[in-house]
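Some notes on the structure that comes next.
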Amino acid sequence: MDFTRLAAIDVGRHFGRRKALSQITFECRAGEILGLLGPNGAGKSTLLSILATLLTPSTGRVEYGTFSADSAGAALRSRLGLLGHDLYLYPELTARENLMFFAQLYALSEPARAVAEGLEHAALSGRADDQVGGFSRGMRQRLALERALLHKPRLLLLDEPFTGLDQASVAALSARLKGLRDQGSLIVLATHDLDVAEDVISRSLFLRDGRLARDPGPARDLRTRYLQAMGQS
Amino acid sequence: MSRIKAILVMVAAMFVAAPWIINAAPYESTMGLVQKIFYFHMPSAFLFLISAIVSGVYSAMFLFGKKPPSDWKALAAAELALVFGTITLVTGPLWARKAWGLWWVWDARLTSSLLLWMIFAAYLLLRRYGGPGSDKLGAGMALFGMANVPFIYVSVNYWRTLHPQTSVVPTLPVSMGGPLWFCFAALLLFFLTMMSLRVRLERQRAALERYYLSEDNP
Amino acid sequence: MKAFLRVAWLVVRKDLTVEIRSLEILSTTVFFAVTVVLVFSFGLIKEGRAPEDVAAAILWIAMAFAGTLALGRTFDRERQNETLRALLLAPADRPALYAGKLLGMLFLLALVEVLLVLLVGLLFQAPVFSSPALLIALLVSGSLGFASVGTLFAAMLVRARSRDVLLPILLYPITVPVMIAGVRGTAALFQAAPDEVMARFWLALLLFFDAVFVTLALWTFEPLMTD
């Protein structure tokens, strides 16, 4: 199964009495990098979890093309990739073992080749047999990104991927994301790093206190638009 | 609501009338006056088991059907299970003390009741302290608790047996059966009205939360 | 079915690999089990003589206590880097993830129990080699009963508050039939003249418990883990 359009329709989520998200409606098409911008606690991670089908929305629905999370089930998850803030890597396993485990879990037809390619992209082929626990944050981030991309997902969700990366890694990651975009992936990128975001994203959603803030208009630069959006309620 | 009030009044009247009705029943030959606690003990034990099963069934419905009313009923039944269980576990030892001289004799049925009581106490602790999402976790716990009932029964039974045999009810003289069914009816009506009121409370709480959440403020 | 077994095996192998690298859970669990045996021994032994059947009781109690700690630690690990999310994100069959975790836990418990049996045999002169097949059967089926419920509860509590104390509160009442059957069956085998008929009765109860609760756990794992 595949899809080229992601749509959220009136998505809301609450935890007990705490409203994490409400009235989130947007669309994203293949070949686009959608930026999810907002301060900490705005609900970006919650929205990404919902898009990744790890959380069910309290209201509204998410459509992946003509499919929904309920109708497509496990097949949908094979087309999704999530790079979370916590990286999802086992520190006691080596880089190669981490990738191999997930490659086999995703039932890839040629796991060894996918792992080798992933290690190449992450520039970690030389450290492939070292335990991940000993890696720097940047190295783990690169590896985690490759883990999310192993199964070549259609929809890639990224939660603060530029955290802790040096300049060269940021540039490499931006180039990688643009490459994926050009190949037709749907990418949703949550970040509060506006300078990097400006270079990479095609469109932005401004999230504040769980709601979408109005976009002041494309004419100005991103930082100005962000500050204006946050100033509004 | 007024219908429930009417039934509650009737239940209260039945409880008030109970001592006279129980007093009118004949004395049991070996245990005398003390045996009369049986009129509360046995129906409570029975309703304890029924509440536990009701809670288990609604928990399963909630886990797989995901409809909130099932959860409300599961919670209400679990609380009532604890109430009836407490009555059973208090009246049991009171009876045992007078009948056999000891407060607790590790008898099979009382021990099984204690175990089931602990399962539902754990369920309520989970719902109280487990944080958000504990309604679903509690449902899992209650389902496992209900599935455990036959195992508790068999294992504790073969571990100890001292209780009067189950067949005591059919062999009771008719004059004892009357008060027994009367108390059973009173407690059953109590159970039904309490369930009704408790579920209503949960329904109102959920409605309140819905209004709160739909309020257009952050 | 093949996919189910494949995923379960992947999870087991991953857990074992991770554990072998650090040996943290195994060593702490084993040591804790030994401590429990000693504490109970000090409590129960009077003038060098142990009450009847205490060997069997201590064996199973130590397994239950140590097992609960091991369950908590195993899922703590998955929470550390949120790798449990990554597992749930994969298109793998969710019950297969549960089965993998369960098998890993059983393996750990088996290692702990080998040591416990030898220790209990040594300290209480219990005839642990008198009916080895039945004893192993009792231990395996009892551990499976305990671990099947424990793995499910530990997994479902991963994101709950007060999870450390809630796990034993929930787990012990539900697994009392396992404890009763395990202790009584083992005690029957540890008698001077081993009562194999009695042991077989309790073994049958344990196997039935396992069948019911493993099925129930496989069935409820997905609804309990999805938010």
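A, B and C are the chain letters, set down in written order, and residue numbers restart from 1 in every chain.
Quick note on the criterion: a contact is a pair of C-beta atoms (placed from the backbone, for glycine too) under 8 Å apart; a residue touches a chain by one contact, two chains touch by 3 or more.
As the structure is a prediction and not an experimental result, all values here were calculated from the model.
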Legend entry - Labels of chains that are neighbours to chain A and to chain C: B
Legend entry - Chain whose Cα centroid lies nearest the overall Cα centroid: C
Legend entry - Between B-C and A-B, the pair joined by more C-beta contacts: B-C
Legend entry - Whole-Å gap between the CA centroids of chain A and chain C: 38
Inset, instruction - Starting from the mean Cα coordinates of chain A and chain B, work out the distance between those two points in Å. - result: 50
Legend entry - Inter-centroid spacing, chain C versus chain B (mean Cα positions, whole Å): 31
Legend entry - Multi-partner residues of chain C (each touching 2 or more other chains): 227
Inset, instruction - Quick one: which residues in chain B touch 2 or more of the other chains? - result: none
Inset, instruction - Note the residues in chain A that touch 2 or more other chains, in rising order. - result: none
Inset, instruction - Provide the residue numbers of chain A that touch chain C in the complex, in ascending order. - result: 52-56, 74-75, 77-78, 80, 82, 84, 86-93, 97, 101-102, 104-107, 131, 147
Legend entry - Of chain C, residues touching chain B in the complex: 149, 152-153, 156-157, 159-162, 166, 169-170, 173-174, 176-177, 180-181, 184, 201, 205, 208-209, 212-213, 216, 220, 223-224, 227
Legend entry - Residue numbers on chain B that touch chain A, as the complex places them: 132, 209, 212-213, 218
Legend entry - chain A residues within the chain B interface of the complex: 14-17, 19, 209-211, 233
Inset, instruction - Quick one: which bits of chain C touch chain A in the complex? Just the residue numbers, please. - result: 3, 6-7, 10, 14, 17-18, 21-22, 80-83, 85-93, 226-227
